[in-house]
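Scrolling down, you'll hit the structures one after another.
Two complexes follow with chain A in common, the first pairing it with chain B and the second with chain C.
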Partner chain A sequence: MKELFPLKQVNGFIFSLLLTVIALSVYFMDLSFELGMTILLITAFVQATVQLVVFMHAGESEDKSAIYTSTLYGIIIALFTVFGSLLAMVWGYM
Partner chain B sequence: MKIDHSQPLEYSTEQNKMNILGFWIFLGAEIMLFATLFTSYFVYEDRIGSGPAGAEIFGITPVLFETFILLTSSFTIGLAIHAMRIQRTKAMLVFLGITLLLGAAFLGIEIYEFTHYYHVGATLQTSAFTAILLTTLGTHGAHVTFGLFWGLFIILQIRKRGLTPETANKSFIFSLYWHFLDVVWIFIFSFVYLKGMM
Partner chain C sequence: MEFFDRFAVPHPSPLIYASMVAIGLTVMAIILGITYFKKWGYLWREWLTTVDHKRIGIMYIISALLMLFRGGADAVMMRLQTSVPDNAFLDAQHYNEVFTTHGVVMIFFMAMAFVIGLMNFVVPLQIGARDVAFPRLNAISFWLYFAGAMLFNISFVIGGSPDAGWTNYYPLASTDFSTSVGVNYYNWALQISGIGTLMTGINFIVTILKMRAPGMKLMKMPMFTWSALITNIIIVFAFPVLTIALLMGTFDRQFGTNFFTSVNGGMDMMWANLFWVWGHPEVYILILPAFGIYSEIISTFSRRNLYGYNSMVSSMAIISLLSFLVWVHHFFTMGHGALTNSIFSITTMAIAVPTGIKIFNWLLTMWKGKITFTVPMLYSVAFIPLFTIGGVTGVMLAMASADYQYHNTMFLVAHFHNVIIPGVVFAMLAGLTYWWPKMFGFMLNERIGKWAFWNLAIGFCLAFFPMYITGLDGQARRMYTYSEATGFGPLNMLSFLGAGIMAIGFVLIVYNVYYSFRHAPRNVGDDPWNARTLEWATHNPVPEYNFAITPQVDSSQAFWDSKKHGYQLFKDDLKDIHMPNNSGLPIIMAGLFFIFGFSFVFFIWAGVILSGIGILACMAYRSFEKDDGYHIPVKEVKETEEKFGGAKK
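The block that comes next holds the complex of A and B.
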């Protein structure tokens, strides 16, 4: 039975639960918008990294540089799309 | 077909390696797809017209259940892949089954949530905000629905053929997909729900 629950994955799961609880503090505690967003940004991106590395085995195979490159490319385009649009369509008019 | 026994089964042939790399490239495109949805959401978040705002319709309880259920299912499918690598086919199928049950539970709560939105007057036509909210959540939910069928067929195939380089490869790729859906949900949870209720 024990060999079915590798420590790395169990720890990854506990860590991701912990990150979720930390993220929840923005709901249950009365924080400023800036502080709340900072907490959420950190917990969300750390959480995504845990999934990628611990659960998706991103760095295990010999083509890991191709995997990381393509994923990073997706993330960079994503960030440019989100923040570029916010800059052009929301923040510029506040 | 050349099988490399020094590699885990899902990586054991050249074709398998290519399939996995190809799926990562697909996930890169999926990141961009969800990025466009999040972009539209952030741009239209405050355009609520005469409809309700996020804080008025979001409830913390269903969101918490959805989040913990999906996180746990991401963990159990990780265990399924681990069981697959140590050749424990039966344990793998059990973990896969639990994963799909959790996925179905997630979907049930999301459907409940959607009917709730409908009843409080937040429909696809209400405002720019509700339209993009439901489109973003719906796209994620559609992915989960697709994943349920995909996973079910993989379970059936493993029961029929056992663990071969092909079925192991398919299972591994499915696990990548499922983890990815969890990652997307983390962002929905953080930047749609928690941000909206903050």
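The block that comes next holds the complex of A and C.
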């Protein structure tokens, strides 16, 4: 019975609910903009990781390394694009 | 009447009316010709519905060549207009439309199609596969590209061409300054063909990662396949940015949003930023496959294995990452500070290092090699010095402070033609000549090919080197005329002559196809170039199943080693071969996409909704369609192989 019980998924589900509650609490609590955004950003990225690993089974096939490498590459390029654009369009003038 | 007024060309001239008539007559001639020779059935069964990667590749290449002549005609018109001071051949508006379509057609519909066409034809053969991973998707990619290209090409006779440059910068491209539907055409044509390109990207990554012949490890892949893999990775990461930017532009122009306006919190230069976030990787999408082709050709005709295989691969990987880190160098003069410019200056110069490594690897491959100067090799050898000049002027442009002098002058125009023509165009022509026997079973005439090459090479130097000088003297890019006092006249005349010589070169290539089709011997064998990679291990022209027996590979130049060291490539026995079925769905879907795009351009909402439903219906139909392909029985395979002179063993 123990092998059949999807412990990882149930835990993941509870954890993702918890993350949602934390994110939602930003709206109800009187936080500063910076703190609120920090909490939202962190919970958003952790949430995405949980979904990818636990529910989309990213690490469970033989393609594991290919999947993680391409995801990482995508994240790096996205970060470069976002921060590069900020640098070019906003920060570069200060 | 108002409804029809929208379709009128806003800025007509005798030239445009003449092209309308010419287009009408050509279409009628083609339809009548096909009907007269009763070829509709053949065309539909064998080509329009095909999912065979080889035929799709050939259709890509034919379309690319057509677009080459369309864009080339634009180029000659521009050179003619600027050949003498105060010329009145084209007026300002017409000139704007001509340089815009020249850029768009050459990059999106010529170079991209040529690159993808050669990848389609060659990559599955080089890795010993029977087709790409998703043959049906591949057909959709082609037909979407074709629909986009046709949509763009009808713009100049229906409603007016885009006129804001191929970079389409806002606010010039906004409805305030570009009032005709031209920029709508730009948005939708690129959107539709862009979707096709993105699908190609995914298709080829899966093909290369999953369908290699047994024994072909990643580091044993032929160099062209490596370049294709990296190119497609760049496509998958870069094209979504263009998709979104075009959509934002569409929303601005057609629904009144404010992404790229200069009021209401819009940011007009954000378009330039997003365009080049896609646009610079795009440069490498074009050049990396070219590098791959040169690697194959130089190694084949120097009779040596490629020097520095590992460094070739790693430099391409580094280029693919760096290509995403340099885009701001396209607008150094926008006004951001020294820090931003310095960062992008340095990343840009850094990209010259892996490129330089590749140049040295090619030189060292030829070093002490037994070089034969065939037509493909001539293009490759000319590429090295010409591309290096383009690269060095690129480093000049990369210096942000100096760029204030070069920006938007003919110096820049000379630079990017200097990398694209010897880099991409020469590579595609070299690749086409090299793989021609694989495609059609006969070789292109070498003598005419050499004439074409020399015309192109000399014409190129005459056409573009003068621009470096006039650019430094201050001739701005996209300027439709200039006064005699500027002194730009003689050098521009030289450019025009160069463009004319290049045009002769391209005509010679067409003549060569005709001449070789009529006169070239058909018994060239399976390996006319004495080549090294797997695609030459099957017959010329390639039978539809590619390899009768799946090859097994032990080295990075499997075919060469099988010839020289007697390795066995084909160890199994003949079996039934499983092949995908043809399908009419891709071309129907692309037709619907064409109607969708056209309706959107002109705000015909009924057309948008109906064709949108049609597209979704096609997708739904596909989801429930049961298609397991078919088998070619052993007997038939045997017969085909006998016809080619015995099964390969």
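Here, the second predicted complex is superposed on the first by the 85 of 94 C-alpha atoms of A that agree within 3 Å, B and C clash if a C-alpha of one lies under 4 Å from a C-alpha of the other, contacts with A are read in each partner's own complex, and residues count from 1 in each chain.
Basically, a residue touches a chain if its C-beta (ideal position, glycine included) is under 8 Å from a C-beta of that chain, and two chains touch if they have at least 3 such contacts.
Worth saying up front: this structure is predicted, and the values here are computed from it rather than measured.
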item: Touching partner for A:43 - first (chain B), second (chain C), both, neither; value: first
item: Partner chain(s) touched by A:56 [first = chain B, second = chain C, both, neither]; value: first
item: Touching partner for A:81 - first (chain B), second (chain C), both, neither; value: both
item: Contacts of A:66 with chain B and chain C, given as first, second, both or neither; value: both
item: Larger contact residue set on chain A - chain B or chain C; value: B
item: Touching partner for A:11 - first (chain B), second (chain C), both, neither; value: neither
item: First (chain B), second (chain C), both or neither touched by A:89; value: both
item: Contacts on chain A seen with chain B and repeated with chain C across the two complexes; value: 66, 73-74, 77, 81, 85, 89
item: Chain A - residues contacting chain C, complex; value: 66, 73-74, 77, 80-81, 84-85, 87-89, 91-94
item: Footprint of chain A on chain B - complex, ascending; value: 11, 17, 20-21, 24-25, 27-32, 34-36, 38-39, 42-43, 60, 64, 67-68, 71-72, 74-75, 77-79, 81-83, 86, 88, 91, 175-176, 179-180, 182-183, 186-187, 189-191, 194-195, 197-198
item: Residues on chain A engaged by chain B in the complex (per definition of touch); value: 3-6, 9, 12-13, 16-17, 20, 23-24, 26-27, 31, 33, 36-37, 40-41, 43-44, 47-48, 51-52, 54-57, 61, 63, 66-67, 70-71, 73-75, 77-79, 81-82, 85-86, 89-90
item: List of chain C residues in touch with chain A within their complex; value: 209, 233, 237, 241, 267, 269-270, 273-274, 277, 324-325, 327-328, 331, 334-337, 339-340, 343-344
